[in-house]
Amino acid sequence: MTPMGFGARAGHLLLIALLAVIFGGLALAVLSLPSESPGLSAQVEAAMGETGVTHPVTAVLLDFRGYDTLLELVVLLLALAGVWSLAEGSPFADRRPGTMLDRLSRFYAPLMLLVAGYLLWAGSASPGGAFQAGAVLGAAGVVLTLTGWRLPVALAGWPLRLILVSGVSIFILVGLVAFFFGAVWLDYPLEWAGALILLIEAIASLAIGATLAALFLGGRPEAHP
Amino acid sequence: MTLDAWVPLLVLCSSLVPGLLIFGLDESRVRLRTTLNLAGALTKLALVGVMLWGVAHGHTYEVRIAFLPGLDLALRAGPLALLFLVLSSLLWLVTTIYAIGYLEGSPHRSRFFGFFSLCVTATVGVAMAADMLTFLLFYEMLTLATYPLVVHRGTEVARRAGQVYLAYTIGGGALMLLGIVWLYTLTGTLEFTPRGFVSELDPSHHPALILIFIFLITGLGVKAALIPLHAWLPMAMVAPAPVSALLHAVAVVKAGAFGIVRVVYEVFGVEFSALLGVTLPLAILAAATIIYGSLRAIFQDDLKRRLAFSTVSQVSYIVLGVAIASPIATVGGLVHLVHQGLMKITLFFCAGNLAETLGIHKVSEMNGVGRRMPWTMVAFTVAAFGMIGAPPVAGFITKWYLGLGALDAGQHWVLVVLAASSLLNAAYFLPILHAAWFREPPATWPEEREFGRRETARALLWPPLITALAAVLAGLFAAMPFSPLEWARFIAEQEFTRP
Amino acid sequence: MTPAVLYALTGLGLFVLGLYALIVHAHLLRKILAFNVMGSGVFLVLAGLAGRTASGIPDPVPHAMVITGIVVAVAATALALSLMLRVAGATGRARLPDEHER
Amino acid sequence: MDTAVWLQSGLTAPILLPLTGALLAFVMRRRATPIGLLSVVALLGAVILQVPSLFADGPQRLAIGGWGAPLGVDLYADGLSVAMLLMTAVVGLGISLYAAAYFRDTPARGQAFWPLWLLLLTALNALFLSADIFNLYVTLEILGLSAVALTAIAGGADALVGAMRYLLVSLLGSLAYLLGVALLYHAYGTVDIALLAERIAAEPATWAAMGLMSAGLMLKTALFPLHFWLPPAHASAAAPVSAALSALVVKGSFYLLVRLWIELFGEIAGGVATLLGLLGAAAVLWGSIQALIQTRLKLLIAYSTVAQIGYLFLAFPLAVGTGATAWSGALYLALSHALAKTAMFLVAGNLLRFGGHDRIADLDRVVQRLPLSMAAFALAGVSIMGLPPSGGFIGKWLLLEAALTEGRWGWAIVIILGGVLAATYVFKVVGYAFTQSENPHQAQPVPATMEWVAFALAVAAVLMGLIVSQPLIVLEIGNPFGIQAEVAVQ
């Protein structure tokens, strides 16, 4: 990363030339791909019946490649643990909103919760799902934070942390259920699959929302009065 | 594993275990430390005695541990190994006694004796190594174990000396490693075999073999202090006297010389080496080292440095004996491994005594010292005459056999080298003897310490007397069974007799 | 040129553009944004090329991957911004010191 | 327990145990230390228990969720993965024990440390076990982000700037890798390594993917000249973190590169292998020389890592023709470097705690004052120098053997020269540890645990050179290097 050192014009041109070559090479690779490729569409189609959901992206996310999704929740949690290790307090400790903002947010927040719930429910059949719902929930949290709402002190400690880890935890636990049915980890029994996935998604979206809001807050809520 | 297989391991452990225990000892546990040291040294001597008897009666002592695929770590006590083993275990005992006396009351003795024991462990490992890989292992361990002894005093000079010592030995070790791996890729084995194991290779590999020979000899020549790889040795003189004694007479330079013996006889085979044409250059190098070391020794006023250059010169007798490539010269070279050890350790003990008792570090301070410390100087004189090659001290035997061997091999130039070297030896030893015995002592010594009725501490006096006596006995009774000479003949027969 | 390929080439363009910005700009916020642009480029390649099916219904697997990728990018960006604030707090500037440490 | 469950717990436990530990340590902040220690001990136990079944049944594959590739994600364990898992568990336990003592006086940092550290272990284990290049991307990100966050824990401008640079580099590397994954998926319709290996062909998409993924991973592994971020980050982090970064984190991306190379790119790479080797050789020389001229101990050790990473890359050209010998050598070096380098960084931490600085010339007789730590440093140094008997020696021996068998002199000379340079910088430190400094300093007590852990790891690095056959046999399970298939140990 040489911001100033490359200031020399020749170096700059060289960089641009290099990047152009990289682009050219990559473009060549893309253009050389077969113009038609079904990828894994067919296999996904064929296996949809065993998933308990009807939307293929959700099936891939929560079932076929559920393990990826588990790790992805871990990444979110990790980012939060990292942010908390960096900053003890939050920069939003004592900020009061104006009346207008305050009223509006009190109106919007419940609405956003509702939208999140819908997205979650819809996810099994059409675009939507835990991450979209979680994002909306997180946004609600951000709006509330900006308008001066604070988590009660009693909830800011381990209860909050419990919610934050709940997404990953439920994933692991549901996965372990398979053990007792003699199946492979994260293999949901067919008749339960739909319900289990919904359960995971519900808790995961709560955890995602909480994590995103907490990331925005930027520090451990209990670390400041 | 049979009982016999355990003996080499026990020989290793007899110094390794006390060494490790000593590291953990508190500085003040003098008695326990001394007990451990002496018990280890005596045990080792006894075990080596058992093996000596056993080997003479046809036993083999061998132990193998699987290492890399196709390569074992192996220890084997054959006749050649025993020559070095007897020397090192005997001198370890003597040096330990001396070091206990020498270091009395000085700091960090647990560390010192710990590394001292590791150093001996590495040396006996070098002696018993049954292949190049095991040899390398102990050879490098020796480097590491001696480094803390060289820098023991913790001064800036000591640190620099340590740096130089390492630069040479690590560099040499690296070359050896290169040579060994190369050899392995060519032959698929590294096992020491009488008359070598490379002569069967296709002649197209001969240039490679010559290079490997150069790598190995360079690596070993560092420790054996062949010119131009000798510079570390005089610098390492900052170490305490028992360390110098150990470095010069027993461990480091001997490991190098012994390694050259192994490489020439049991890797390449002496006849095949001659065929490759590598022995003559080696002999010339050894001869040059002999002369150069002696010349430099003459001009050193510092006693230990003079002795150090003397070592540079004397160790190369061993190499010379090997490189002449005749059975008789081989005997001379091998026997010098022991003889030089006995004589040189005596000289260093005496130098240490002079420094400890009277604060004498320089030759020019030695006027009349024979009157103040007669026993020390008697031992010194005996060893010095041995070095010059005067009968009946052991050094004479060496030179006799080297000379005969050179005649036998038709290499008459060696006689000139031997004669010149003896003259030079006389030139740097006789003035010392003259000053010590025939000059008037000064009114005060540089730094005198009082030891009551005796001329110095008992633990400092006995070791040089014992080793000097041994040097005389090795010369007087050279024809007796189990004398170093007879043993060297025993080995030489195995290396040369062909069906 | 099919739309799929067009998306992919655009994605590659974003990737290289982001890379350029990442190298050239000194301010950490710009670097973090540049990294996000690069990420979007990669996601566009991943999702765009998924449309090369005969049926016209795109392959769902890359879409799931993109969602995962976006979440990872969000998490990384959050950590990066937080770290940037700390760097700014500790050194007084939100940029990396000059190259003396290399 | 029936074999199926046993098998999958063997494969999932190394991931789930530290992950669960991380969650618990995150929620129960005050109990973080015992939770962390317990999870790491359990992890080591689980990995060790897995080895016999691998010996008995050969490599194991587990289709998570029961789907199997290409639809699902597979876990795969062969000798190579298990060797890396073992290395991680052993070194991880050492670092954990050390950290427990290290953070005793700063509980807030300790509480931040444990979840991140356990997630780092999770990421490493998941990476070593994954058979899916997209899943590997996610594990790479967890690895990178946890490493960055851990670096920043030390606080202070140096550590924060180091972490920031590290983060940018890590993200750049991951994105390059991900673009490669995208190309491979769209070219071959799968992200499973085994299936890709069957389908892959020498064509532009593959070459582009190879370039992107290799470059990204080289950046993360800090191969010369992409190493610039490593010394500041590794040298400014807290001691246990520095150890983890140098010993484990760079090995993660290196492992992945080796895997991809053996399975996917090796056949079609052509001269790229030589290029990697040349960069490795340059790293050996440059890193060693930089280490030699450093005046601060932690920077010296960090540059030593740059050099040692270079050694690992010598295997890429040497493996052409000699195969298993070169790879075994590099992996053996990686394993013993993990032990030795951890020991070194922990010793540096002890010296920092003891004297309050890590200026090499002012070490001031630490040989007498912290003998155990200096013994650990020297023993670890033996392995780094590659002197016998040590793990480092075995690694270099095998690499040398591979080089000389084929008469490749250039590589052999680099291997030898690197060892000599390493000896020079290690003994530079040891030498000053014997001498008295002109600036004598206050000495703070160092907890015994911190000394003994470093010592134990250093001894382990040396012992790696005496118990060679066992690790080599483990490495050969499932014949990961794909050569000499008929004699592979099953």
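Structural remarks
Letters are used for the chains, namely A, B, C and D, taken in the order the chains are written, and counting of residues starts over at 1 for each.
Convention: a residue touches a chain if its C-beta (ideal position, glycine included) is under 8 Å from a C-beta of that chain, and two chains touch if they have at least 3 such contacts.
Remember, it's a predicted structure, so these values are computed and weren't measured experimentally.
For chain pairs B-D and A-C, the one joined by more C-beta pairs in contact is A-C. Chain centres here are Cα averages; for subunit A and subunit B they lie 72 Å apart.
Centre-to-centre spacing of subunit B and subunit C amounts to 67 Å, using the average Cα coordinate of each chain. Chain centres here are Cα averages; for subunit B and subunit D they lie 43 Å apart. Separating the CA-averaged centres of subunit A and subunit C is a span of 16 Å. Each of residues 1, 26, 30, 33-34, 37-40, 44, 64-65, 68, 72, 75, 78-79, 82, 86 in subunit A touches at least two other chains.
Residue positions 134, 138, 141, 145, 148-149, 152, 165, 168, 179, 183, 185-186 of subunit D each touch two or more of the other chains. Contact of a single residue of subunit C with at least two other chains is seen at positions 15, 19, 22, 31, 45, 49-50, 52, 61-62, 65, 68, 72, 75-76, 79, 83, 86, 96. Interchain contacts give a graph that is no line, ring or star and is not complete, per the touch definition above. On the subunit A side of its complex with subunit C, the touching residues are 1-6, 12, 15-16, 19-20, 22-23, 26-27, 30-31, 33-41, 44, 56-57, 59-61, 64-65, 68-69, 72, 75-76, 78-80, 82-83, 86-87, 91, 131, 212, 215-216, 218. Residues 2, 5, 8-9, 12-13, 15-16, 19-20, 22-26, 31, 45, 49-50, 52-55, 57-65, 67-68, 70-72, 74-76, 78-79, 82-83, 85-86, 95-96, 98-99 of subunit C touch subunit A in their complex. Listed in rising order, the residues of subunit A touching subunit D in the complex are 1, 25-26, 28-30, 32-34, 37-40, 43-44, 47, 63-68, 71-72, 74-75, 77-79, 81-82, 84-86, 88, 158, 161-162, 164-165, 168-169, 172, 178-179, 182-188. Every residue of subunit B that touches subunit D in the complex is listed here, in rising order: 23, 65-69, 73, 108, 111, 133, 136-137, 140-141, 143-144, 147-148, 151-152, 154-156, 158-159, 162-163, 166-167, 170-171, 173-175, 177-178, 181-182, 184-185.
The residues of subunit D lying in touch with subunit B in their complex are 365, 367-368, 371, 378, 382, 385, 387-389, 394, 396-398, 400-401, 404-405, 412, 416-417, 419-420, 423-424, 427-428, 430-432, 434-436, 466, 468-469, 472.
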